[in-house]
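Pasting a structure below so you can have a look.
Labels run A, B, C and D following the written order; every chain starts at residue 1.
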Amino acid sequence: MSVLEIVAAAAIGLGSLLMLATAFGVAVFPDFYTRLHAAGKGDTLGQALVLAGLLCLGGDLTLVVKLVLIVFFIFIFNPTATHALARAGWVSGIVPWVRGGQDPGAPREPGA
Amino acid sequence: MPVALAAAVVVILLGVLVLLRRVIVGPRLLDRVVAVNVIGTKTIILLALVGYLAGRPGFFLDIALSYALINFVGTIAVLRYYEGRVRRGEPVEEEA
Amino acid sequence: MRSTDSLIVRYIARRSVPFIQLYALYVLGHGEDGPGGGFQGGVIFASSFVLLGLANGWGYGRRAAPARLLDPLLPLGCLIYLGIGLAALLAGGAFLEYGALAGSDDPEVRRHWHHYGLIGIEVGVMVTVSAAMATLFFEMARPARVQARVDRVGEEADRA
Amino acid sequence: MGFVVTWLLLAGLWLGLSGFFDLIHLLFGAVSVTFVTALSHRYLTAGGPLGRGLRRLFGLLAYSPWLLWQVALANYDVLLRVLGIRRVDPQVVRFRPGLASEFGKVTLANSITLTPGTVTVEVAGGEFIVHAIAPEAAADLAEGAMVRRVRRLEGSA
């Protein structure tokens, strides 16, 4: 195995484990919004790592362009979709869960 | 290298399995949508990995790209369904 | 259907339209070595208009793909398909035997024309499929006030 | 001008995707790129002078490595919370980043969603409503490194 292949295997392994962690996040977090946190970002890096690993395996120009394009699309579309879902929950009146189960009240200023 | 790729496929499929539980138990419609959306993004990566395993990466990456686009359009469609119902004051959740 | 209130969704949807459309045409043009072809390309192309309609409102999407443009495109795709098939017939081959279009027996030349003919019918398929998909979406999502106007026009036509 | 720039961008993308450089593929590519540019270039170039758009594009390219690093931190953070090492203590905060343009708001909103412990819930007028998974995530946001970067990006206006 060449150095590049070891790097690729490491990136793919780490990325897929991150994606597994994301899945567990969606499964164990207490409410809709916290699950979105796992969905919105856990996946993004995991995917980027796996695809970067595949990139290290080489190939012709089109493969590189396609992999980069997929990463690019995921980086644009994933947060947009996450926001769209969060917003759908917000406008349909899902109340965010807070520790202790009290009323979360109106949104605060940060640090207040 | 095929071993690493196959291992990654198995790990990701395990994640999909965990997410399927969320799809089934909900409890809200939107929880299911979130889980399905994450499964969708995992599918993109699975397609890429399977493409390398099958020795036809270009072909499978094309499919993955198409899937990424369609997945996004689908999620936006769900958001619109929600917004429309909220705007008309209709209930958005199935009765538990 | 009004536009979504989410600024972000509206913005991203607009900006991604050219990329989706170009990708659709790439899928169309690489049908023999990729997973593509006219049908898949057509669906992806139409999805760009669907996305515009979903995010930026029915009217915005419909202006990008107006009925007076889409309606003639629906039969045009079929006509392209039929035309190429008939042209092959007239050139002395079987229906859709593209190689006959070359008008030569040189297998190399015939192979080239086979390629051109294939792309030609795929373009025909794509035109019809994307026009049909977009039309389906916009007709099904048509807002009530537009529907009322269409009904009124229909009733007036009935009376006339 | 917008037409030319969009055409060049899409043509570059096409050449990278296609990987075929024979006459028929190049011809088909040229027709496709021209068609898409004519049909849709306004979705990329409408809404501002071209020079500003290009400066913003390159600004985004310069911004993305920093963002990528933030995304890596975000993942580490979510991982710790999934494993139960850090507490999940969500709150909802609102703030006004003082961004004028759609571009700035969208960039900031998506950056917030990608980075540690925060998801943009709503952007209404100039106000952002953000769901933070823990108080320290909200405090990071209030500290405002990201807002300053995005404001600079927008300011290449």
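Convention: a residue touches a chain if its C-beta (ideal position, glycine included) is under 8 Å from a C-beta of that chain, and two chains touch if they have at least 3 such contacts.
Predicted model, so just to flag it, every value in this text is computed and none were measured.
More C-beta pairs touch across one of A-C and A-B than the other; that pair is A-B.
Taking each chain's centre as the average of its CA atoms, subunit B and subunit D sit 22 Å apart. Note on chain placement: the centre of subunit C and the centre of subunit D lie 30 Å apart, centres being C-alpha means.
Between the CA-based centres of subunit A and subunit B the separation comes to 12 Å, rounded to the whole angstrom.
Multi-chain contact residues, meaning those touching two or more other chains, occur in subunit B at positions 58, 62, 65, 69, 72, 76, 79, 83. Shared interface positions of subunit C, i.e. residues touching 2 or more other chains, are given as 5-6, 8-9, 12, 16, 23, 30. Residue positions of subunit D touching 2 or more other chains: 13, 17-19, 109-110, 120, 122. Touching chain pairs in this entry, ordered by label, are A-B, A-C, A-D, B-C, C-D. Residue ranges of subunit D in contact with subunit C, taken from their complex: 6, 10, 13-14, 17-18, 20, 24-25, 28-29, 32-33, 35-37, 39-41, 43-44, 102-103, 105-106, 109-110, 120, 122-124.
Every residue of subunit C that touches subunit B in the complex is listed here, in rising order: 1-2, 4-6, 9, 13, 16, 20, 23, 27, 30, 33-36, 40, 44, 47, 50-51, 54-55.
On subunit D, the positions that touch subunit A within their shared complex are 13, 16-19, 68, 71-72, 74-75, 78-79, 81-83, 87-95, 109-111, 113-117, 119-122, 129-133, 138-139, 141-142. Remark: subunit C residues 5-6, 8-9, 12, 16 touch subunit A in the complex.
Residues 58-59, 62-63, 65-66, 69-70, 72-73, 76-77, 79-80, 83-84, 87 of subunit B are the ones that touch subunit C when the two sit in their complex.
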